[in-house]
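Should a chain be cited, it is by its letter among A, B, C, D, E and F, assigned in written order, with residues numbered from 1 in that chain.
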């Protein structure tokens, strides 16, 4: 057998066999993996929508995205199959990289139910405290019951962290304060030493809320 | 099922295409080179780690064949690879008679007179510029150990007398020290050469006597007592042993008034 | 007292000089000068020694072959060693006597050099009398060169390059300028200074002869501004027609290095690896110029020279007129001997001179000074690692990175040296002087150059 | 006479008076005003921190050199400087244990693993600080007001002028910046004391003037450009110069001879590079201050600068031989 | 080494081989291979174990195959063939993890796919499996895996202990210990591996 | 602007070597001389640009087009490895000078995790073809930058008195650690 033929043959046979194996393994595992994904999403939705028992489904399988590709929104349904609130995925730049959160909001979009960080790469012990559970009051717990109306409409233009521009049109639905206890119903306290991450969270949520209102209304 | 078929088709297709290309390229673009490069390359682990200091195994192989890379330079390959390469390169280790470096000066601090206090860079090379490092003898060991630093096998050490001593066990006769010694005091000799004139001074007797208590004063006693005719001859002001014909001789050693001629004993296991 | 006034006068002159913009080069250093030890001491002739040692190599180039044999009788000025080679220079005996030995003998350079040892006898020990001075222009260039070669003249600024070679510029490198090097930038040394003060006319005459020999239209005599009296004494002797100009140079080491001097005088840069003639300049030491004058006019070889014997280690610092070949031991004894703390004998100045192991070495043609340093002045060599302060980089007149050169040699990475232009180093020592880590860069550089040279072979 | 041997060595046979310890102790002297200000503003705490760092640095150096069987050179003053400078760039309330950790890292990882004084690539004090910053990010960004030790125990925590500017758009008065009446690291607050020390170092020729000149100049010019472009968004250049660690960095840290270039052109580029980096980090980065990171980053390219900014060799025509 | 190893696998105890993999020719410390995962995913012991086991799985299985077909593969397509085999196993491992242990799969992030190009695997194939019979190759793959796992787990222990005060998520160091955040950051990874390497060399030199 | 952001992010802020831990083996292996660092860097940049294009094409036309996501690793590495090998053979034959400068580094690169990392990250971030190209070039430049800086430092360290046990990879890793510490200053810029 000449070398050329051997080369083609060996590589092709190896390729065929391995693709066969991979495809077989894929066929076996794909349903499981997809199920994990679904469950994960569902779990997150139910976690941020405490009253929801069910979500609006997409052909009976997945929770249906009623939003856009940019802002995924899911409708939560309570035991009575009435709307229990919306869960949406807010995403934007933090101190180091992208922060991704699942947020639950009341059906009239006035009050946050809960916030859960899905992904973040902030500094552990610092920015990462937006997601970490600590012995002190957790940062994310502050979002439960937070008013999302905006008490004033001061522009957010002075915020200097980088990345997504906070355009002046976006109202401060919620706000963060530093070194003092929040006294307005739409305020949360920033994490000491991680103001940047805290403000990023607030700003991402504000932007998403802005878009959410456009979608829902 | 379609997935599996598609997967097989696309993967198989890509493999076939690429291997075809590679095969074609191999025919058309093959570059002739020293066949030993291929062999060395085959002996290497092929990790392409770059740890040898060359960019990749093939580069290392080329340099080995070209002779400017250490044969044992491949860390992942370890000793075994080094041996294989040695075999390919024809560096026959066992067949050659073992040689050992010999330092031909016995004028350490105790024996050699000083001319000045040397306050310069403490290497032999540097001392050469500045009055020979403060020893009166212009030919002897300066004792700053360039040979010691240069030996890749830790085979030379300085003794208390500030003379370098070669460990015959460790010495591989690589010749690094021979090159390093600015006074050309070190020579490589087969281990069956055991009797040496441990002096390189070309000075006349009185000058040598002043400079060193073990220097060759050209008294010709050894020549007279040579065990074989012309076994030891005078080379200028220095006795010279012709190792090819002259066996070691206790009498010569005994008669040398300066104890310049000595017989070394190699203790090799 | 006088010294104090001198210093004040000097500093006054310096400030005047600053206003006048003294000529100089970039970088360099300002070491302590210690010239006041000897600069006002008139030269005193030394009694004749009993025995002289004439090394057969006192120049750069091919060594001489002995022209005499043991037991030969020689007269002052006789040639005792000669060579056919062009780049070489004959040696003469500076005394009448009998050749005792011809054998290797310690040389100021540090090695053993074949030397002719002559014991003085009762013969006449004086030199031929001074002859009538002719117009410099009346000699032909060839006459001057022949006379210079015959007289065994070599550069007296320290390097000892045969002068007749320098006076024979190749056709394609015409010389338009002669610079007489009277900078004497080495601390301590004052022999050039005394030479100007004591024989100013000869300085001018020698300069004229050199200009004639190389066909230069313009001459400069460069003197560091710390020798105002030398400038004063020469100024009235110069006429406009001579085309010779006096230059007051900033007091900075190494102002006397020829490349730096040329930069200061005519603002030309000798190319790296090149020679002054590459920029049309010829540089000669001032004592050398005087020697040229005497060689051409009187046929007088270099038989004696002014040697500054100085330093804290000598009892009576002096400028001494010494016959070439005199062992330095006798010169030192003539100056009252050592003080108890004398520890280091240097032939030449403190920046470039060579430390000696023995007092047997003779004074040679290029020996301008004998410096004796004491215990307190010599620091124990304990080089620290380089702290990258960059002081050496700022000091180096050649624009090198001495710290790197030193470190490369220290780690034996010789192959990287050319990238850092090691061969452009002139071993002036500025870098070592300023180094707070006391690193012996010059020593390393010497080693590095030698290794590169031996590798090239 | 005959018996005594002469000393021989290579030329030159004389040296200047300057030595490494002399330079180092001059720097210590130049740091005294800054240390005094630290003690005045932050009280006994400052003394404690400085002493802890110096002792820890010197001890680490001693232990390291002993274990490596090298000459112990703790008296040359370089470890003392590292200790002082490290202390001066720590927040006043940092725990002493953390300070010790920083000091050990500074000397061990910042200096001795490279072979000790002269061989280190990065500024040891800043290595120590960067390590602490990454190790205890919260403690390293918790500041107290000056004179906290006389005031009431509450409301002592504050922010640095740069953080105030960046996150709250609040300016701090120039006089406060000059004398150091603001939050910040121990030794960075008082620009005046640092200028004094810097001037002394310049006078003593212990530092290369090109580095602070290029550094401060670049910050000033770039600061002006941004300020002129949008003064509502960017602080003014004077503020840029006097706030934060810039003065301390420019006079005492960027000028560390071991970790800065030796060539004149290299020094200019080094200074300009640090300046650009500081402005980028301050104006566009996540952090309010970038002096430390900018110096460390330029330290890293110092070997390259030395290599590619060789001075022109005397007599070389354009582009070398 | 190759021939010797063949003899050794039959004659000399497995322990000796193990020593070779874990100490004498430790892939990370001695051969400086597979440094990327060693640095990237050793911030906790759990991750270290995960990447170690996943890599070992791929190394052992693919070594087996490579050794089996070693005589058939022509030189020019060797790398391509080997990588395809490795990729197949990695894909399978990845799918398996994602299906069975979604949590671990998530925290190992993109480093499971990068096992494909982990230099250790291709390195052992080129150096060993492609030249040796099946049994010897298997032994080699196993001991090298042990070496890799030991190294990453050691590093994981150090980093998790100092970086979070815990091991395998169990708090070890008490309240007094303030975790060194740096240890779980990139810088800490480089520093600890560098220091580890230094210690290792030091010990080895002392022994010698 | 978007392209610039991607480029700067990949080259400096999120440097492959210093913050993603990709391509560490060659980073340690080939950073001992500046000259080889430059050669290697250019070769990596070249291969990364190539990879960025190819991986995008494969991803879009094979993996997504035929819905075979699980072939990702195998297909990428197969194609990259073979193509680099082809390129190497090609320049070795046609441009020996270029081969001496760049080609010799190519075999080192094929099986390096930075390349596959690039391909996978590009897919993950759903870049367009042009964006992916900028990402690839940026990552290559960043790798080169880190390599050259490290080579400069290591050439300097040749003159230093590093403890024997740390010489080589040890001190390189520690230096990389300190470099990573200082690169943290870029956090939040992009």
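Definition applied: a contact is a pair of C-beta atoms (placed from the backbone, for glycine too) under 8 Å apart; a residue touches a chain by one contact, two chains touch by 3 or more.
Here's who's who by UniProt: A = Ion-translocating oxidoreductase complex subunit G; B = Ion-translocating oxidoreductase complex subunit B; C = Ion-translocating oxidoreductase complex subunit C; D = Ion-translocating oxidoreductase complex subunit D; E = Electron transport complex, RnfABCDGE type, E subunit; F = Ion-translocating oxidoreductase complex subunit A.
Source: prediction; values computed, not measured.
Contact with both subunit C and subunit E is made by B, D, F. Contacts with subunit B and subunit F are shared by A, C, D, E.
Taking the mean of C-alpha positions as each chain's centre, the chain lying farthest from the centre of subunit C is A.
Farthest from subunit B, judged by the mean position of CA atoms in each chain, is A. Put simply, the C-alpha centre of subunit A and that of subunit F have 31 angstrom between them.
Look at where the CA atoms of subunit B average out and do the same for subunit E: the two points lie 39 Å apart.
Distance between chain centres (mean CA atoms), subunit A to subunit D: 42 Å.
Subunit C has residues 355-357, 378, 381, 385, 410, 440, 443, 446 in contact with two or more other chains. Shared interface positions of subunit E, i.e. residues touching 2 or more other chains, are given as 32-33, 76-77, 80, 84, 87-88, 91, 95, 119, 122, 181-182, 185, 187-188, 191, 198. Along subunit F, residues 25, 28-29, 68, 70-71, 74, 78, 82, 85, 111, 159, 161, 163, 166, 171, 174-175, 177-178, 181, 184, 187-189 each make contact with two or more other chains. Applying the touch definition to all chain combinations yields A-B, A-D, A-E, A-F, B-C, B-D, B-E, B-F, C-D, C-F, D-E, D-F, E-F.
Per the touch definition, subunit D reaches subunit F in the complex via residues 68, 70, 109-110, 113-116, 119, 121-122, 127, 130-131, 133-134, 277, 280-281, 284-287, 290, 292-294, 296-297, 299-301, 303-304, 306-307.
Residues 137-138, 141-142, 157, 159, 166-169, 233, 284-286 of subunit D touch subunit A in their complex. Contact residues on subunit F toward subunit A in their complex (touch as defined above): 14, 68, 70-71, 74, 78, 187-190. Of all residues in subunit B, only 115-116, 119-121, 123, 125-126, 128-132, 134, 138, 149 touch subunit C in the complex they form. Listed in rising order, the residues of subunit D touching subunit C in the complex are 1, 4-16, 18-20, 22-23, 73, 115-119, 208, 257-264, 267, 306, 310-317, 320-321.
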